[in-house]
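First up is the structure itself, then whatever we jot down about it.
Labels run A, B and C following the written order; every chain starts at residue 1.
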Amino acid sequence: MRNLLTISDLTIEEIGEILREAEYFSKGEIWRPKQQTFAVNMFFEPSTRTKSSFDIAEKKLGLEVIPFDVNFSSITKGESLYDTVKLFEVIGSNIAVIRHSQDRYYDSLVGKVRIPIINGGDGCGQHPTQCLLDLYTIQQEFGGFKDLQVAIIGDISHSRVARSNKDALSKLGANVVFSGPEEWFDKSFLNNGDYVNIDKAIEEADVVMLLRIQNERHQSTSNMSAKEYHQQYGLTLERESRMKRNSIIMHPAPVNRNVEIADELVEADRSRIFKQMENGVFVRMAVLKKILECGGL
Amino acid sequence: MRNLLTISDLTIEEIGEILREAEYFSKGEIWRPKQQTFAVNMFFEPSTRTKSSFDIAEKKLGLEVIPFDVNFSSITKGESLYDTVKLFEVIGSNIAVIRHSQDRYYDSLVGKVRIPIINGGDGCGQHPTQCLLDLYTIQQEFGGFKDLQVAIIGDISHSRVARSNKDALSKLGANVVFSGPEEWFDKSFLNNGDYVNIDKAIEEADVVMLLRIQNERHQSTSNMSAKEYHQQYGLTLERESRMKRNSIIMHPAPVNRNVEIADELVEADRSRIFKQMENGVFVRMAVLKKILECGGL
Amino acid sequence: MRNLLTISDLTIEEIGEILREAEYFSKGEIWRPKQQTFAVNMFFEPSTRTKSSFDIAEKKLGLEVIPFDVNFSSITKGESLYDTVKLFEVIGSNIAVIRHSQDRYYDSLVGKVRIPIINGGDGCGQHPTQCLLDLYTIQQEFGGFKDLQVAIIGDISHSRVARSNKDALSKLGANVVFSGPEEWFDKSFLNNGDYVNIDKAIEEADVVMLLRIQNERHQSTSNMSAKEYHQQYGLTLERESRMKRNSIIMHPAPVNRNVEIADELVEADRSRIFKQMENGVFVRMAVLKKILECGGL
């Protein structure tokens, strides 16, 4: 594996390998490259979870992490993404993790730079390591994906998670449906049959995957108040009480408490929200290892 | 010791242990946790001294420091302090140092998160590692605290240092008085008898501890000019000449030169201002060690 | 060598030693100080190249790098450069790399602090490690400097590179001429005879060294459009076709593509622009080693 740009780049076998490796790492397995290895995490958008998770994953693998602060970089002098990534390649970084607000930013890089790239999220496009940690969390719970009912609920149109997970989960045999405000239902990658009423979606799902309302990406604030959203499309205490016995709650976070989900449910027994974050480190270690090994490190 | 939130959490014995440990570290003693250990320094307010001092202390103990930049974190997307700290707990940080503008921010964390917390300063509340480094510096000089005369002078009402040091020094047997502009004299934790005229305070003190005017915390700028403040309440060359023979000058810094203290006195023979910063690293190593050991690391 | 402030501080012999050491490092030589050693990179102006290059050079030498973010430091509370550098000295940094917008900022430090200082660029003054990496790149190409024809073209008046390189290359026996807009020709360090017409300069040069238009330092934007600049003073495809057979193109970067140089030429066979960045790491390792060794580390 040279790069990880979208989840669809991975075969089912490769996904399986990564999840297996993640499990080894979760049990304390240690792997380190043979020589001093450098990584740079280039985040052009705010992030705590993904960025810190990569920071820790890299340090657990013994990598040296090169600091990068976009607001204090030569990007402020007009330097392009390509020139910046190429710079890190020539000064010795062995891998670059990139989050960027532009969809498919990596098209300007792939085939042009030699440094391997892990996509840490592109615009409203993909977020493959988030998808992998979701898969890992589901597998951990249910042992597999075949015939699982997954409901993805919320701000689908702006969600990198919705796209990646729809692709991957379907490929692995799960049945994925969507719910939330109809105006956010994105027909560019969804069929009409994919949309299910919120109450039905929650009652039938093994996995209720809530998405964050990305206020920072909405051009105009929605007409709906947070309270109205919660009542109409959120996971209220009442709706949770109608969930299936062994079903779980997931959310990529950060959570808007009492909007997408009732405050009390964030750390409920059936919530895997913090577990997802914990799993993120192991999945990222697995991806980093796979790419570094491919580069002979 | 699970957390360090306020200086009053510590018994006299515990303070003694920390100062002893700090002294060992100052002599080059090496202690490192048995396994790879992660620390995160979450500073929600600007800081050079405290933050960098923790950075160095952590690296001297062989800890991995996870970068955290509040302005580029999901805090900007509305994530709460609790959710952010909990995130660092689950992704593998073993300890968190937090500075936050809100008084007692830690009330939303203690008993709810498992990760140990060191308070790096809360609002106008406490700053326990600053207090410990002040105690260490005084002990280094005088061998103890019994009957020492300490004058704390300046912007008492906004000072985390004033509160912490008053508590601790009194408990250790020193006699603490306060001086400075009367409107900054804070009756919430001081008695009328604690206030002493500036000239008398300086003449009688073994330790003249000056406080920085925290312009960034004053709602309205004081009517007094910097020059007037210096003349009325600052340590002028003239006042310094009336200090006791072996008395010392302290200041938590950053110093407003020629306001709280004459420029020439910042590095005078009797000034311990830079010594305090040096000592800060050793005291923080001692606190980190004590907490990590308590957590079995 | 205690500090590195300007290129003129170095004798020809010292430059030779640094370039030799850089070559060793480029071949994978490993040198590490005998004990845990701390470095701080204090950049008061944006930078990707120089800062990251130092970060990597330091980590390749096994140094611990202390994070420093000026916008989150006590500089925002009015702390001076001197007090900030002195702080890092007393808390244990063994070396400081400083970039600052003020010309000769180091005058407030040298002889007053003990911590060694490497100048990472001062205002419109000097940038000695950039100069050294330019020299190393030229030497790598031509084996030496005697009678080489070097043309420095562009925004000379704001360029730290122009000054440093003029001094050093002349001392080493090269013949340096300048070209570009006449209003940017700086008579404070250049003679009339140094100015050469752009086409002549390019045709006769062994090294065409282009300088970035520093829009961020121009008080008023020039009347000239980017396109006009490119036609009149840029390295166009046409001009490049008239360069000497084995001559090379250099640029300190970031490059304004299609302004100083045609986009297609940035990675042309004769371009050493990315090679310069690669060499920057080795040269900085050599400088760091030389200064740390001098300090007994």
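Structural remarks
Just so we're on the same page, contacts are C-beta pairs under 8 Å (C-beta built on N, C-alpha and C of every residue); 3 or more make two chains touch, one makes a residue touch a chain.
Every value quoted in this text rests on a predicted model; they were computed, and no experiment measured them.
The two copies, subunit A and subunit C, are related by a rotation of 120°, based on C-alpha atoms and rounded to the nearest 5. At the subunit A-subunit B interface, residue numbers used by both copies make up under half of all numbers present, so the two copies contact each other through mostly different positions. Taking each chain's centre as the mean of its C-alpha atoms, subunit A lies 40 Å from subunit B. For subunit B, residues that reach two or more other chains under the stated contact definition are 67, 69, 71.
Residue ranges on subunit A touching subunit C, taken from their complex, read 36, 38, 40, 64, 66-69, 71-80, 83-84, 86-88, 90-93.
Partner subunit B is touched in their complex by these residues of subunit A: 43, 46-49, 51-53, 55-56, 59-60, 65, 67, 69, 71, 215-216, 253-257, 274-275, 277-278, 280-281.
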